[in-house]
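Which chain is which? They are A, B, C and D, in the order written, and residues in each are numbered from 1.
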Amino acid sequence: MSKARLEAFSDGVIAIAITLLALDLTVPQPGHGMLLTQLGDHWPQFAAYVVSFFTLGIIWVNHHARVSLIARVDRTLLFINLVLLLFVVLIPFATSLMATYLTSAPKEADTAMAVYAVVLEGMAVSFSAMFEWSLREGRTYVTVPIDQRRTARLRTSIGTIVYAVMFVVAFISPPISLAIAGFTAVYYIFAPVPRNAAGVSLEELQEPASGQP
Amino acid sequence: MSKARLEAFSDGVIAIAITLLALDLTVPQPGHGMLLTQLGDHWPQFAAYVVSFFTLGIIWVNHHARVSLIARVDRTLLFINLVLLLFVVLIPFATSLMATYLTSAPKEADTAMAVYAVVLEGMAVSFSAMFEWSLREGRTYVTVPIDQRRTARLRTSIGTIVYAVMFVVAFISPPISLAIAGFTAVYYIFAPVPRNAAGVSLEELQEPASGQP
Amino acid sequence: MSKARLEAFSDGVIAIAITLLALDLTVPQPGHGMLLTQLGDHWPQFAAYVVSFFTLGIIWVNHHARVSLIARVDRTLLFINLVLLLFVVLIPFATSLMATYLTSAPKEADTAMAVYAVVLEGMAVSFSAMFEWSLREGRTYVTVPIDQRRTARLRTSIGTIVYAVMFVVAFISPPISLAIAGFTAVYYIFAPVPRNAAGVSLEELQEPASGQP
Amino acid sequence: MSKARLEAFSDGVIAIAITLLALDLTVPQPGHGMLLTQLGDHWPQFAAYVVSFFTLGIIWVNHHARVSLIARVDRTLLFINLVLLLFVVLIPFATSLMATYLTSAPKEADTAMAVYAVVLEGMAVSFSAMFEWSLREGRTYVTVPIDQRRTARLRTSIGTIVYAVMFVVAFISPPISLAIAGFTAVYYIFAPVPRNAAGVSLEELQEPASGQP
């Protein structure tokens, strides 16, 4: 199992999941009120679509940044990756669930948003597991230096913390919970990439450096 | 994040969006009138399908022509590209919306066509932003010469102008507005590719030329 | 626009279309009769699924065999390829239409089967257009020799003839018309590949031979 | 037809099928009872989703391990591969069918589970056929040694045996039958990869070894 195939397969699954998000947008039907009113009433669907779109987009970016460093693929990594994709594929479902309840049943929107947070948490935990797997010597082209590990681990685990917070906030205010997910995606896009002492980002060190284990 | 992955992911998303267009074609049901009559009544769906299909096809062609010139990928480009894909993925939804109202609710077809124009405009503006990003020295293999920039920028921004016109025309005649989108796709297919003084199309200059910055 | 991207995009669209075929299989619902009876009543769906699946599979095989010979991609080829994909993407729709009427409205099954034949004919004609485009000197790595052209053209155009026959037979017996499409797919799988005088199949000559134009 | 394309196309189809699994998860609707109750009532859908997800994931892993060894692609292999994909694409349909009857019509859940087993069996038999095809000299980079064949064949054919057992158990206890499919997927993930005398796994021998036929 070569790394190129792991990447191609994961890319494919994420690309399909991100595109399926739009399948759950309700096309307003004539005779149920003004078109603009109907579109406006479904605002949670559009907000949920944008948040989930960027969340999946960031997962794709981060998945590649991590996998590009990996030197060899084993069965454990394949399994972790499948579990990650299992949650990725559930995102359109959880998005639709959450948007439906935000729109039509505010009373249970907290539960629906909590389910959404659980799916995101599952994805973040799988991603952290992939990161931990990659720390053992020989599994990546460059060994993350000890002083980089804290930063890198923090950056990776921010997702697991934030989505846990989202889960709790869901029971206080579902829209604020959704906003937290949105801000997290934006954070990851512009978060500073960890760099080594020479100022080279770890993501650019994709080829085995001479003298490195 | 290598360029190859940016291309593969974008290709995947565009390929899926273009195929999902056909999911919104209504399969006539027995017992609701003659089959051919039903198919005929749904002509706006087929017209909308063809226009959106070629629009997405052209975006795919132009996206590649542009990305092939790019020398390095940064976070800003990734973000612009995600925004572009966000609108690409909305096209099947907007196509279905517009076709539904053209078929069954002519009174509000203007609003529905305007929503379609907004989605196309969002896509065109994102694409122009990607072009502007690529102009700064060092970001592409070849620097677009000053005398080429006007042509290239005009060619890129034609979409943003045309879809704005489409938006206005939507309120006068939705079918003419749709026809404008169709002609734009055909224009882009056969539009002359900008060439440099040596007669080489910029799209063919994908490898760094020696002596070039 | 490199050939590799043309192939990757076309592959993606065909792979998605072939997978979407199964979305139109009706999942029997409890309370509408015995499960096996319901599955049996929907036999035309399964027959249609198998025929369309192999038809798309063969188009994928033949598309690659042809494109692998192409030396350069121009705007005309891109356009022909988009038209080919336009029909490919319509196949799940036409399959669903035809299966629905074969199952529930035998009276109009002839019209539905004729629509299916029209979509297949559009695909076959686009494919023949791609073949004709490829005949001009310099467009392919190997020029098809004059004595090979007749065989190659015949092999390519068999689809256009057979699907025209299918269209006519649809009005006599829709199931026989469907069977013709099935036999055509099987024929293409096992049809002898045209070979040149040296016994090398044209499909294997993918690299420019020295001394060839 | 190059091997790379066979792999890319198969990857695409499997990635799409695995993502479509989640399309069949029912989004609970407000007004039909408590959200958590509804989600709980649909537990067979989630169990079925997880089992089918890992089953497809494993098929993807094993498909690649096998194809990576193949030295040349012929029409027979293409045909076997298309039949394999035909069953792969049916898995979301069979999963949905089985989950629907497990949830709402326990009386006929046995038949539904048997249909699911038939689809998995079809997939496993196609995969075994691909393995048998690959045994003839010259078709793979490394000839599987005689003493490895029994192990390799056993490993490949475990699926065909297990899914036959699943079929029988479906009529005794559908949930146990589903659990068998789940355990099979987990088995394949962690099953020891067959190795040759030198301790090199056959899957790693992807390049033609010197002196090998």
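Throughout what follows, a residue touches a chain if its C-beta (ideal position, glycine included) is under 8 Å from a C-beta of that chain, and two chains touch if they have at least 3 such contacts.
Note that the structure is a prediction, hence the values are computed from the model and not measured.
Engineer: Give the rotation angle, in degrees and rounded to the nearest 5, that superposes the C-alpha atoms of chain B onto those of its identical copy chain C.
Structural biologist: My answer is 90 degrees for the C-alpha fit.
Engineer: How would you label the chain A and chain D contact, same or different, if same means the shared numbers make up over half of all numbers there?
Structural biologist: Both copies, chain A as well as chain D, present different residues to each other, with under half of the numbers appearing on both sides.
Engineer: Just give me the whole-number Å value for how far the CA centre of chain A lies from that of chain B.
Structural biologist: Using C-alpha averages as centres, the distance is 27 Å.
Engineer: I'd like to verify one number: the distance from the centre of chain B to the centre of chain D, where each centre is the average of its C-alpha atoms, in whole angstrom.
Structural biologist: Centre separation, chain B to chain D: 38 Å.
Engineer: In chain D, what residues contact two or more other chains?
Structural biologist: Only 8, 12, 16, 23 qualify.
Engineer: Looking at the whole structure, which two-chain pairs count as touching?
Structural biologist: Going through each pair of chains, those in contact are A-B, A-D, B-C, C-D.
Engineer: State the interface residues of chain A toward chain D in the complex, per the touch definition above.
Structural biologist: Within the complex, chain A touches chain D at residues 1-2, 5, 8-9, 12-13, 16-17, 20, 23-24, 75, 78-79, 82, 85-86, 89-90, 92-93, 96-97, 100-101, 104-105, 108, 111-112, 115.
Engineer: For a test of understanding, state which residues of chain A touch chain B in their complex under the given definition.
Structural biologist: Counting only chain A, the residues touching chain B are 7-8, 11-12, 14-16, 18-19, 21-23, 25, 27-31, 34-36, 39, 50, 53-54, 57, 60-61, 64-65, 68, 189-190, 193, 203, 206.
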